[in-house]
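Just passing along the structure, written as structure tokens.
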């Protein structure tokens, strides 16, 4: 494979429908192009509004490799600003969260900015008289990202000034967020504590693909889930003893292939999709007394039943997050390099919902997604072994062909057997689309 | 921005007079070109002769990214040699300083060299009879740098065989070194102990620019200097209690903008310049009893007064050192990568001067420039935040426009308001000049 | 020096017969090309068959930068497979050694493979019906390397599908392996314990060249060997006291130049060669009672004498191993980067030989080649000083001219004075040959 | 029967040694039913239940964790990890002779290694100890990692 | 009143704990006026005055250092650093019962962390302790960093 | 004359201090003839003779090692390395009053530095100690590095 910059043809050649070239996981130039094109033209998750509930509250994070600040402006709206002082580039804040009051103040020379980024003041301003500062972008203040959308509390942004709209980008996939939020009788979520932060020495896409990889749990997680089932058996509890919460969570990982086949997988255009169309490993969690009543009260019986009727497993929002509606979890796969990915796993509280559900989410999060999780250990092991194995020139193509069909059309929503790798193919279809989104344009321009 | 090798036009385009493109701080290719062109064609500081007082004394350091040895040759002169054995490249010495006696001896195969680099002997020399070794550069010994200048004890060198002369390069800026050395009644300085070694994950130019950045102390250092002033007030000492030395040093950092405006800034051609033309934060240090008398004795009253009349703050010698005459300090900003800079901070003793001044220099050095300094902490914080912030594509230009004027002419010495960023612009004018110094030539040659 | 990819002329220009350009040691692009061309087209050492004695035994290592598995197949033969799952690239095993039973099973989705790499089974195989999986290389299983040769227990492989034959590549140099193995009355060796693993921040070729660098021991190792001799003298033992084993090993490092000149050096085509043609630092080890008798018994007197008559010092098998016949040691110089090399030092037991010889090998290994060895310390010091020194632009060529002659012909075996650097030149002759082996071809193809 | 400060200190030294030497059965036997091994995710975290922790495990989960380490298909433990503690002398913060409960605080370093990788964690462990049938037992154990909110790769054994 | 070896040892353990738990007022209260916290720059440095040190601070400077840590505009401490010591049992090198002065030497590791970065320093601390009004106090403290002449980034808290 | 647990523990603290302070003559004087300093290459290695170790040195080799450090042409020690231990309180595993032999186990961290580089090793040291002429002496010392099978660069002083 040659070099990819300004070479859409070479990028398109990396995905052949049934397989993908290993360079997409190992090539650092492709990583940089992902940041410059894919993460600039797609809608990317920033944070949850409950992380910045009050005016002046900020939360610093990154979109792709771009440092940004999510901040609650004086008008009550959530804004997303580039975390870069227009004077000499100093990051305005680096703590993960805080409250900046009515304005940001750069610590280096005290230029200050309203919480929407507009320049507020420059000390000894007269030093710029007749210098033409007013004609520079620097004088405009902290630049905002291209576009921001607050969808039911979840903040997304598009870095590019113009491009695809939020609605066109996500389309029907928003139903998963809806279901997660609807599980709150108040129709609102609140973040519950800080996220787990789990470092992986592998490419970010391996983690995203794993979210709909239904053929690995019973294999990769046999040592944790399988041993749990065995130990529980050995305890030989009396008939009908209710499973402890931990067992409710971990036991389903050992479900047979048939179970996962029947779960079903749905794909949406632009790389989104989810497992657990019909049921999932989250389907059989014990009910929390009184919760259903609250929902009925809030939504009426039919809708309440419909809400809990859904037990979608993992919904991937392309490019780099996954949510679990039934346990109000969101995981962000932050790309740091071709071979380095930081995973942050958040949980949310159902406003007016039972605290028992928050406790379940917290237990799930630490049991399955912590750096100290006996389940996570084997996932990381697989990713990092693959990152190293892909260095092999013995075979340069990664196979994503399970239940593959000729000329698959990803522009239409589809529901398939729960073990298909179609969603991985769907992601690469979108990957090519947004990687080359403005390349052709730029090419033409030259 | 494209690629810069052999592309003088692209390099010139990085500096627009009032702003500079962030690539100069973040691009690793530009770093390599700085080493190959700027640090090769400019005169760069090596060390002080008192670090190698006796014949055979050596001091190993680097000029740009080139490992060199400063050594006192048998003729009493200080030589600067490439630290590279002509046989197989082994570094001849790697300890920071020592005495090698009459000759260097490579530890690998014992080739030996006079302290001016000339080949002295090769064991079992007959093994090279009729091999043509004598026709190779290797047989010449350890190569010396292009040119060396010992200016009043300070050793500078130009790596390139030919180029601008020492006098043309520094011109009037040498007056700052003169003033620092003249403060010794004997007209000589001696290094006082080893330097502080402070690692910064930022570009070297950020540190150099900071040396004449007079709008940051009262902001960035409020937590140290401001708190010091507050605590001292709280002690509520009787009227006229003399400030302790520590307060004399730190309190002036909180001076108002007017103070820094009135200090004045002077720029010289080729990127040199200094703050504190009329007075500075060093102006009000208490006098040391008997010191003035000694100076008068040595220089006569008029010159003595003139010497102490100067209280220049920071003098930048482009590309990468700064000196403080009034406290005999020199700081080297050693570029290790586009985003990595090692700062070494030396202090000097005034030969025949009062030891109290050495103590003051030592106190200043540890209070302000140590990795454990509460002042240094905030400077490093700014630099490293900027290095990260410049990754932002939201704004690609760094502003250096304070008191900027159209068509500034840096070929003439100038004195301006102490808060101007002209000296930063002066540095980039010189940066372009020496970055492209031999590119055009080479281009032509092709 | 420009860029080297697909540029055989530039690569040939790096070696001038009497000197070599420093880029061969410092340039990361050249490192990658070494992996892609040199280590792909040459025969490279993998391991010893005794590391995988039983069916299903495996040993994971790397050939160049390619992860491979040495495994004993059910047919009793040793196979070498790419350590890469054909599904998604997961490394099949990462522990250094083990037994996999009758088949390998990938831990991610349980694809399984016979121990010769052939695909055995895929869970839920029907998911691939009519997908065309059977037409992909992935469906073939774990790919084997191009060719494997088990020479008297030592496993070598060529990654490339076709190319030079084992016999043509090694030719007469195999006599050194023969002599090492013949020292076992049974004509067999067995690995004795795990290897030393010693990390060097230098280029791998520096270590290979050092193996026949006979002008460095008395210089670089004076502090260890010289001090040992001195301390032993000071003990002032009675006349004729036998040297302790440690002294037998270390004292000869201080032998005079004449000794090494008379040792002699032999070179073979394709970069192989050895020191100690006539005698060596291993010649005067004390005899082990009864050992000679066993050899006579096994081989007859004449051959037995001939076997022990040889005391070859270091035999280099190009590109990256060295063996010492008299003490059954093998060292692999594993290239990890242009400036990073891992050295693994193995020792072997003589089947049916005296355990005293194994003890001697173990003592030699830890005394001379351990990270904690006082001899190794000075070697690593030289390599790493050279890696840094070669950054100097003062002189770009490394000299390998000792006893050089015009128009040397490396296609013929030759024996010369033991201090010649001819073997280093021989290595670079082969380096150019295999670096450009398929470049020209590819070039033509374009 | 009364318990001395030194006995409590020795108890901690012994407990940690069991972990480093992989004597997990002995170690599990030190625990009282109902005890939890808590490793907070947040600095000075107070709630183990309704926000995420790195670990908050009862005896069943601890047994599972230990049992898994020796499994034939425990892929992340092929090859196995090793761990090592260096602990400062424990502080005995509370001694309630009456009800035989005690609290100690121990500053320690934990090193875990696998293949060519090794990492170090700076830990502060708080042990709740109880005297039961004349034996000292672990009622609860809280292990705070100094940089608990930093990003970690796998932490596979017991810090 | 006499002071035992164990009391001196306990004193050091307690002093270090104050630093790790940020109990700076208590810690400052341990110091005698005129005392200096000295962190040499050079290996086996003998002169704290006329050559550079990393730190050589009297009580005023130590107060300033501590006060600054909590300031609203202490940018290098937004977010805050944390530190942690693991110390080997102190050696009591001198016990001058007569004038109530004592010297201890303590080998220790210091870990400081902020955001995702953490570093470790190998330290040897020499305490000059005096018994004043029945209380042990710090007369002087010298902290030698093993690689004191190496290049460091910020060292923000008290090793 | 009998030996107490505390005397054995103090003996180990003192021995390690000698290494860090470079008091090699004193240190060598602690050794009994015939003793070996063994640093295994393999995890739980049992044979020091017929497989490779990192070190297995008698007094002659140890003297050589120490003597070399001060040589004028010891290039890998120009400049010199420095080392530093932080050890956990030793465990006294065996006390054979009768024949005056003792065994201790000590968990420790070893830091070695040179120029701007520094590394840390997690060690477990096993001392065989004998009481000879009323003095405690080292009969044998085994030092296991936690990641003994990892790739190391130079380890130049005595862990």
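As written, the chains take the letters A, B, C, D, E and F, and residue 1 is the first residue of each chain.
Note that in this section a residue touches a chain if its C-beta (ideal position, glycine included) is under 8 Å from a C-beta of that chain, and two chains touch if they have at least 3 such contacts.
As the structure is a computational prediction, the values presented were derived from the model and not from experiment.
Q: Spell out the chains that contact chain C while also contacting chain F.
A: Under the touch definition, chain C and chain F have B, D as mutual neighbours.
Q: Looking at C-alpha means, what's the farthest chain from chain B?
A: Comparing chain centres, D lies farthest from chain B.
Q: Which pair in B-F, B-E or A-E has the same interface as C-F, with over half of the contact pairs matching by residue number?
A: Most of the contact pairs in C-F are shared with B-E.
Q: How big is the gap, in whole Å, between where the Cα atoms of chain D centre and where those of chain E centre?
A: 29
Q: If you average the Cα atoms of chain A and of chain D to get two centres, how far apart are those centres in Å?
A: Chain centres of chain A and chain D, defined by C-alpha means, are spaced 33 Å apart.
Q: Counting only Cα atoms for the centres, state how far chain C is from chain D in Å.
A: 45
Q: Please list all residues of chain B that touch 2 or more other chains.
A: 94, 96, 107, 220, 378, 381-382
Q: Please output the residue numbers of chain F that touch at least 2 other chains, ranges allowed.
A: 73, 75, 86-89, 109, 115, 120, 150-151
Q: With chains as vertices and touches as edges, which is it: line, ring, star, complete or other?
A: Shape = other; not a path, cycle, star or full graph.
Q: Would you please name all pairs of chains that touch?
A: A-B, A-C, A-D, A-E, B-C, B-E, B-F, C-D, C-F, D-E, D-F, E-F
Q: Per the contact definition, I'd like the list of chain F residues that touch chain E in the complex.
A: It comes out as residues 13, 17, 20, 82-89, 109, 111, 113, 115-116, 118, 120.
Q: For chain A, which residues count as touching chain D in their complex?
A: Answer in residue numbers: 96, 192-201, 220, 222-224, 226-228, 231, 244, 246, 342, 345, 347, 349, 355, 358-359, 362-363, 365-367, 370-372, 374, 376-378, 380-382.
Q: Looking at the complex, which residues from chain F come into contact with chain C?
A: Result: residues 39, 41-42, 47, 49-56, 60-61, 63-65, 67-68, 71, 73-77, 149-156 of chain F touch chain C.
Q: Along chain C, where are the residues that touch chain B in the complex?
A: Chain C reaches chain B through residues 18-19, 22, 25, 213, 215-216, 219-220, 257, 261, 378, 381-382, 385-386, 388-395, 397-405, 417, 419-420.
Q: Please output the residues of chain B touching chain C within their complex, sorted ascending.
A: 65-67, 82-92, 94, 107-110, 123-124, 127-128, 131-133, 136-138, 142-143, 145, 159
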